[in-house]
Amino acid sequence: MDKDLKISRKKKINQAIAFSLFTFLSYFIVAILFVILAFLIYKGIGVLSWGFISEMPTDGMTSGGIYPAIIGTLILVFGSMLFAFPVGVMAAIYMNEYVKDGWIKRFIKLMTNNLAGVPSIVFGLFGMALFVNKLEFGDSILAGSLTLGLLALPVVIRTTEEALKAVDDTFRQASLGLGASKWQTTSKVVLPIAFPNIITGLILSIGRVSGETAPILFTVAAYFLPKLPSGIFDQVMALPYHLYVISTSGTNIEKSREMAYGTALILIIIVLISNLAASRLRKYFGKKVKMN
Amino acid sequence: MHKIESKNVNFYYGTNQALKDISLSIEKNTVTALIGPSGCGKSTYLRLFNRMNDLIDNTKLEGQILIDGVDIYAKSTNVDTLRKNVGMVFQKPNPFPKTIFENVAYGLRVNGVTDKKFIEERVINSIQQVALWDEVKDKLKKSAFELSGGQQQRLCIARALAIQPSVILMDEPTSALDPISTAKIEELVYELKDKYTIVIVTHNMQQAGRISDTTGFFYMGELIEFDQTKNIFTNPKEERTQNYITGRFG
Amino acid sequence: MKTNYKKFQEKFIEGLLMLSGTVTSLTVLLIVVFLFSEGLGVFNKKPIDDDFNLTIHAENRISKLSPSQVKNIFDQKIKNWKEVGGKDEKIILFKIDDISDFYTDDQLGKDFKNLSWCINDYIVKHRGVIAFFSKKYISKNFKGKILDVDKIKVSEFLSGDEWFPTARPVAQMGVKPLILGTLWVSLGAILIALPLGLAAAIYLSEIANSRIRNILKPLIELLAGIPSVVYGFFGLVIIVPLIQQLFNLPVGETALAGSVVLGIMALPTIITISEDAMRNTPRAMKEASLALGASKWQTIYKVVIPHSASGITAGAILGIGRAIGETMAVLMVTGNAAIIPTTLLEPVRTIPATIAAELGEAPNGGVHYQALFALGCILFIITLVINLLVEFVTKRKTLSKH
């Protein structure tokens, strides 16, 4: 009995040590996040102003605003989603509602997973080889949007698939039982139910695409372009690329620091807003879509 | 002294009362069956005996449960020691993702036993007790998942026996098994009675009739009737018990 | 008539959906085609600029050298022709900048109009010479011999110790330093991320109550949402100077800085996947352990972790994959020196960073351009292997569970 108590005490001590270590490390990770956020907000908040987001950069990009980069990123996000959203949703519908279990489904799934695992710089290479050079779009909004769109495609497919899977089968059976066709069932019953979750996925993809740099390096991004594009074959500036150049290779790195903090904060704000919006939507509609 | 004694036990999940004023006593080296329709509280009650319900947040217990005269919910009671003394077998066979040998040795190891020879003897002995030895003696190093469902369940019983408890709780141990495996387990329970006090929750009334000495009938969180099994099945005092065992509801 | 129309519409829509379903497969296929057709092109090319020549004395019996031999000759590591299979003759290096050491301004003529003649003359007079100059200086009656350079070999590409694609006279295309750089940074990252990530996964799935979990999970997701360029920037302004001061280094842009940043970035992947795996441990299995008198902690490390081992492995592999493919953050904090690293405190250059840094300067279709695509191929193969590995690991798990 005495020995039992001793062992039991040892077990308790071990557990207490292990658990406090895990708890500590978990909060350490959260602390890292807060340090990053707090630092960027602290340094960037003073830079933010109406002028910063509405004016052109001046003095070799050491002062002025980042208006063209913001507009450029908006255009690229819009352009990429214009491609990825419909294609991704349709692909997910095909995968979840139409194709039967078997090698075709497994193959498409494997390929989608593989595409999701392709590093973003490889998308950049590919976009340059196909869109910029082969199809002769040149460095352009078109080439950049398509490249980003391909990168976002697996994300859209996965979130949409999860949204569709969350729709209870009885809805489908009920609709089919009333004599509705497959497409009628999908479009009138399944999609409306899955819609909120699909939109959640879309918002998260937007958050991701707006921060991608490597795919646009060689397909669209301009170092300095103090005017807005006039067509889809023009180059644009973009926030993440802008942050990269002014913090590593600008004309005057020290002098552009202020602008870099401001740009980083804008990027963080975009991510925060998209994550917040997505989680609000999730809460509002109850069910959950996972990003990974 | 009774082996297990339950005095005016109330149990709550949050504000929902799951057990209402349960009092009963269980004698040493007997098999007690707890029967009743699903959701009647019999499993919840069983899980009080090894404090398994401690793991669920937001629960509350009133009253006393004594094992060998000791209040198992007293502050001075050590949960690890209690659980060592009160073994448990679950609804579905749930071996660990380990070898057959390690499954049985598990309880010894987590309770601080390091003597290899002792562990080996105890493991072999426990497997023999559940009549599984001939079937597994050549594959002790194989994964426990390679066994059939019935064998897995007997392994889980051996696992519980290895730390030499005095009480064994069984929560519908045969509900996931085929009739032949079920018969083997029932036979085993009957044999184990010599050494252990067994409390078994079951859905299967024939089973309760076959293997138990005493039977308790639960309904909506209340213990309706608790008596010798033969009395319950032949001459129940309560109408609700009568209705249940004759299959009028459940 | 109406049902016919409806049928047609159904079929049309199904076709459209199927077409969308094939886009990802098609993209993977196209990536393979473009990457490999450009990337493999590098092995069909000579690593010497099209406009330039290597020439030797006409009687020198050597007619072909490998890129590394040329490099060693110009680095003066090879000093005699017999070392590359020629006669015992000292090698004399001739660079066009040195021409005025040998010929007077008069001989060279006004605006170097006799330059071609002088080069020819020099080569004819020196039996051991090797000269590197632009094709336009080859005169009509050139008496030297134009030396052939071997094509880039796959083995040299993979095992070469030097990455210097703009080197003269021959480009050096050894990817070993880049591969090693990538591995060092990624391994460093996983060494940081794995223990931290596992701790958090255990905490979230087994220790924290649901209220805390619901607060922490979105925060971890937020960590995954921060763009890599922002991580890079943060690394640049905080972690790099920190490392420089901490270890008293000349520069803070090191493999370690990359590992730290990548480690933070790999955390969400590892946490999410391992936590999912742990939460999938059957409740009954955990209860069985507790019922045997095991503590919660014993149950975690003896039952939960072994049960979710394949999920944890998958998380770790995917985390490494993320780290290997990550571009911007690494590009910004590792210093990008293409040298074979010996410690984590030196600058290194990874494969993705090399592509990002050099593609803009590499002329389309040239050797350098194609070499970068070859790097892309290596990266693609690595990620493909990682994906298949994960597929394999998780499949094995479902098998063992029946």
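So that you can tell them apart, the chains are marked A, B and C in the order they are listed, and the count of residues begins at 1 in each.
As a convention for this text, a residue touches a chain if its C-beta (ideal position, glycine included) is under 8 Å from a C-beta of that chain, and two chains touch if they have at least 3 such contacts.
What you see is a predicted model, and the numbers here were worked out from it, not measured in a lab.
K.L.:
Quickly list, by label, the chains bordering both chain B and chain C.
P.N.:
Under the touch definition, chain B and chain C have A as mutual neighbours.
K.L.:
Looking across all chain pairs, point out the one with the most C-beta pairs in contact.
P.N.:
Chains A-C share more contact pairs than any other pair.
K.L.:
Of all the chains shown, whose C-alpha centre falls nearest the centre of every protein C-alpha atom combined?
P.N.:
Central by C-alpha mean position: chain A.
K.L.:
Whole-Å distance, chain B centre to chain C centre, using C-alpha means?
P.N.:
Taking the mean C-alpha position of each chain, the two centres sit 59 Å apart.
K.L.:
If you average the Cα atoms of chain A and of chain B to get two centres, how far apart are those centres in Å?
P.N.:
Computed from C-alpha means, the inter-chain centre distance equals 51 Å.
K.L.:
How far is the middle of chain A from the middle of chain C, if each middle is the mean of its Cα atoms, in Å?
P.N.:
So the centre of chain A lies 24 Å away from the centre of chain C.
K.L.:
Where in chain A do residues touch two or more other chains at once?
P.N.:
As it turns out, chain A has residues touching two or more other chains at 11.
K.L.:
Would you please write down the residue numbers of chain B that are in contact with two or more other chains?
P.N.:
80-81, 84, 110-111
K.L.:
Would you please write down the residue numbers of chain C that are in contact with two or more other chains?
P.N.:
295, 298
K.L.:
Using the touch rule from the top, collect the residues of chain C that touch chain B in their complex.
P.N.:
Residues in contact with chain B: 209, 282, 284-285, 287-295, 298, 302-303, 306-307, 400-402.
K.L.:
Please give the residue numbers of chain B that touch chain A in the complex, ascending.
P.N.:
78, 80-81, 84, 110-112
K.L.:
What residues on chain A touch chain B, complex-wise?
P.N.:
Touching chain B from chain A are residues 1, 3-5, 7-8, 10-11.
K.L.:
For chain B, which residues are in contact with chain C within the complex?
P.N.:
Touching chain C: residues 50, 52, 55, 57, 80-81, 83-84, 86-88, 90-92, 94, 96-98, 106-107, 109-111, 143, 145, 156, 159-160, 163 of chain B.
K.L.:
Where on chain C is chain A touching in the complex?
P.N.:
6, 9-10, 13-14, 16-25, 27-28, 30-31, 34-35, 38, 195-196, 199-200, 202-204, 207-208, 216, 218-234, 236-238, 264, 267-269, 271-273, 295-298, 300-301, 318, 321, 324-328, 331-332, 352, 355-356, 359-360, 364, 372-373, 376, 379-380, 383-384, 386-387, 391
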